[in-house]
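One chain, chain A, appears in both complexes that follow, with chain B as partner in the first and chain C in the second.
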Partner chain A sequence: MFEFCTDPDQLETFRWFSCYLTTGKHMNLYWSVLTVLTLLAITAPTALLFGFGGAAAARSRIAPLRWIGQTYIAVVRGIPDIAFFLFFVIALDQGIEYLRHQALCPDWDQPIRQGNDFIVCQAAKMPLGSAPQWVHETYGFAIAVVTFAIVFGAFAANVLYGAMRAVPRAQIETAEAYGMTPRQTFRRVLVPQMWVYALPGLGNLWMVLMKATPLLFLLGVEDLVYWARELGGSKTPRFTDYPHGDWRMWYFLALLVFYLVFTRISEIVIERATARVTLGQATTGGEAMRKAA
Partner chain B sequence: MKNLILATSALALMAGTAMADGHGKTIRLGTEGAYAPYNFLNDAGEVDGFEREVGDELCARAELTCEWVTNEWDSIIPNLVSGNYDVIIAGMSITDERDEVIDFSDPYTLPDASSYLAMGEVDVKTAVLAAQTGTIQASFIASMDGATLVEFATPEETVAAVKNGEADAVLADKDFLSAIAEADADLQLLEQSELLGGGIGLGIRESDGELREKFNVAIQSMKDDGSLNALIAKWLPEAEQF
Partner chain C sequence: MSCIKTIQDYALRSIGIGERLLPREDFTLCEQFTLIGSGMIWNIYFGLTALVLGFFFAIALAMGKASPRALLRKPSEWFIFVFRGSPLFIQFFFAYFLFLSLKTDYPFFDPFTSAWMGAVVVLFCNTSAYSAEIFYGALQSIPKGDVEAADAYGLSGWARFRRVIWPTMMRLAWPSYTNEAIFLFHATTLVYISSFPAWQQRGDALYYASYFADKTFNPFIPYPILAGYFVLLTLCVIGLFGMVNRRLNRHLPQEARRRIRLRPNIIR
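Let's look at the complex of A and B:
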């Protein structure tokens, strides 16, 4: 990075660290922070969407839809994340490749399952075997987003389902008395009022999601916990220009600070959002705000 | 003339389909990247070490385009079998157990002694021994009477366990441990060593016989002209040569 970095053995502490912290490996660590933040930024709204769909389905008046919603919530909530990640991702990946295989290679005569192996024709590979590394990484990232969204969507669905039921019955009755259709009641009365009940639960979920990113490495996406462990491990002079002992403690301390700061920021945002949705609600919080005003 | 055009276009078509399933393919090499000197990430964050050089040379000789990916040791075999990469090149010893799930190429190192690394003299027969999960060393310790096995996900953690007293000694490949013993005055290799495994080979899907054959030919040619021994001497000074 810097010109004086050619011979790190001779450097005094400050310069040594400025070289050490800008090696290609550390750049990967900084990138992984961005990867994780991007993942969160995409996953959170997607999971909320899944949750909203799941909750709406679970309280639907149409029985099959209700069954689908309730099964989704029950099944995904019941399976340990790590099992779900290992099973579902491989299943999803193979499912996509199977469909592409059927469409692209109709004259393939060998079985797709050969013992332990899963074999499709080259054209059906996702991504293609010849694709550059970044395509593989983006694909892994996309799979990660979908998996996270499904898992956390189920939890969000349960939170939203509870929140929808917590809206006072009198509000719904009044809406019906005004002649609103069920759909109008849902959109104009139920949804705007449920957020105040949903936010504490959703806030919790967000915190859990934030810390669940090490699961990414199961999918081949290198997150910042992976890099902290890799960089912190002791390095011998034979294999690096920057030998050091076991520094994992310091790297994890930095991670701790990072996550604490991030948590604090999230808390502030959630607090503001809560204040906003509480305004004018028939809850203790809303009543307190009315009196204070 | 018309026939000629037809014949050439038919030939071009056939060549096109043949291309689709052969040469256009990039072979993805999966490694752990945490087991110096076999494979590790260098300061630039790239895969480096003995296997990096062997892998690149094998690919050049077999005329394959290769690409390196890192994967956690725990899931390195499942991800090969499901097709996320095509070859495991991660210091993986050839064992019967693994051979049931995947195929191995010919070994590119001889069966290498595994050593114990400890803070002082330890009686390994009754000691608490650390090893990485899913390695031949872990299953060896598990089969010992009297010794207690503690497993860790990464090689780094097995050494850390000895340093903080959680384990009395760690059992791993000699070349991995000797590099650490060299750099750390507190740690030393014990006299005793164990001969485990059948040498290190490339892990390849059982259905990929053609790829395996290509790599076997390349490995043989590296053995024949001594270039493999040169790399072993460079990276694995403790290991035996072919």
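Let's look at the complex of A and C:
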């Protein structure tokens, strides 16, 4: 990175570290921080969307839609977390390959499950065996996003479902008395008022989602945990210009601090958002704000 | 090989009793059920130890956080923030490598690098922090009248805590604490997939489940078995905690009792 880095053996501590922390592999570590942030930035809105859909479906007047929504909420809640992650990724992967296999290779006569193996034709592989490396990585990332979105969508659905039911009955009745259709009631009265009840739950969920990001490691994405283990392990002078002992402890300490800082920032943002949605609501919090103003 | 023979060989495999070699091919359903069930011994051990020890520490932390003295309050707040604010997964990694480097200087830390001790320490701290937050919340919502009544009867200090504050706090916190217990048991599955090595392939339920899934490329059998075991464990926890809940609420009329409701709270 810097020009004085050509001969690291000669450097004093500060310069040595400034060189060490900017090696190519460390850049990969910083990129993976970005991966985590991207994952959060994509997953959180998607999960919220899934949750909104699930909650709206669960209180729909059409029975089959309601059953789908309620089953979605119930199934994901009942299963241990990590098992679900490990299971879902393989299941999703194999499901896609199976569908592509059915569509692309109709004249394949062997069974797909041969004993313990899952075999599909070459053309149905996802991604294709000939695809470049970045496609594989993006595919893995996309699967991770979908898994996170489905799991957290169910939790968000649960929170939003509860919040929609917490909106005072009188508010809905007033809207009906004004002659609003069910759709208008939903859009103009229910949804704007439910956020104040949903926000504590959603805030919790955000914290949980944030803390679930290291699980990307389990899904095979080269994330923070992977690089921390990789870079922290002891290095001998034979393979690197920057030999050091086992520093994995320090790398994980840095990760710990990273997450703590992130948590603190989130807490502050959620506090502000709560104040924002409480304004003008018919709750004790809203009343207190009205009196203070 | 009959199923009874399999159970004899593998039922205690996770603690090193019975057949040494794991099955390598032609996995039967019986083998999968037995080995994954055998792994549950570890999950129960981790969960139970952390829960029982953490319970007392959590009460101390909650009292500390509610204390007006900054000397007591600040450390409790920080402890709770550190363990609730960071992923358990990272905590496991950090603790393992911390113990590993401490071990080279102090042989005292030798057992801490193996799961039975090290993982329990991490889970203990983690569950203490989460439970402390629950107990703190309950402490804050003790009805004012109860404490005033205690004052009026001339109770103070330790007697007031033991007879009024503590029982009420337990009663209010118990439904949430049940959830905490359930999800602590779920969290025990992280031990072996994070950092702690499974010595001689003695692992927990998820360790064996992923062993089978890796060997057979078929996740649709071992993971549902694992899920089944956890549902059973969860039902046991709910049953036991429900009994305690009834005892805590026995003086209240039926409809005023707080029910235990399962709430989502997954990865920590």
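We take it that the second predicted complex is superposed on the first by the 282 of 293 C-alpha atoms of A that agree within 3 Å, B and C clash if a C-alpha of one lies under 4 Å from a C-alpha of the other, contacts with A are read in each partner's own complex, and residues count from 1 in each chain.
Everything that follows uses one rule, which is that a contact is a pair of C-beta atoms (placed from the backbone, for glycine too) under 8 Å apart; a residue touches a chain by one contact, two chains touch by 3 or more.
Remember, it's a predicted structure, so these values are computed and weren't measured experimentally.
Taken together in the superposed arrangement on chain A, chain B and chain C clash. In the superposition on chain A, A:256 contacts chain C only, with no contact to chain B.
Applying the stated contact rule after C-alpha superposition, one finds that A:133 touches chain B and leaves chain C untouched.
When the two complexes are overlaid on their common chain A, residue A:53 makes contact with neither chain B nor chain C.
Once the two complexes are laid over each other on the shared chain, residue contacts for A:123 go to chain B alone; chain C is not touched. In the superposition on chain A, A:155 makes contact with chain C only, while chain B stays out of contact range. In the superposition on chain A, A:225 makes contact with chain C only, while chain B stays out of contact range. When the shared chain is aligned, chain B comes close enough to touch A:240, but chain C does not.
In the superposition on chain A, contact of A:286 is made with neither chain B nor chain C. In the superposed model, A:211 lies in contact with chain C only, and not with chain B.
Stretch 145-153 is the one of chain B that runs into chain C, the other listed stretches 19-27, 145-153 or 217-225 having no clashing C-alpha atoms.
Residues 86, 90, 116-118, 217-218, 229, 246, 248 of chain A touch chain B in one complex and chain C in the other. Listed in rising order, the residues of chain A touching chain B in the complex are 23-25, 27-28, 86, 90, 93-94, 97, 114-123, 125, 129-131, 133, 136, 217-218, 220, 222, 229-230, 233-234, 236-243, 245-246, 248. The touching residues of chain A, when paired with chain C in their complex, are 77-83, 86-87, 90-91, 113, 116-118, 151, 154-155, 158, 204, 208, 211-215, 217-218, 225, 228-229, 232, 246, 248-249, 252-253, 255-256, 259-260, 263-264. Chain contact summary for the complex, chain C toward chain A: residues 81-82, 85-91, 93-94, 97-98, 100-101, 186, 189-190, 193, 206, 209-210, 213, 215-220, 223, 226-227, 230-231, 262, 264-268. Against chain A, the residues of chain B that register as touching in their complex are 20-21, 24-26, 28, 33-34, 36-37, 40-46, 48-49, 65, 67, 69-72, 75, 78-79, 81-84, 86, 101-102, 154, 156, 159-160, 163, 179-180, 182-184, 205-208.
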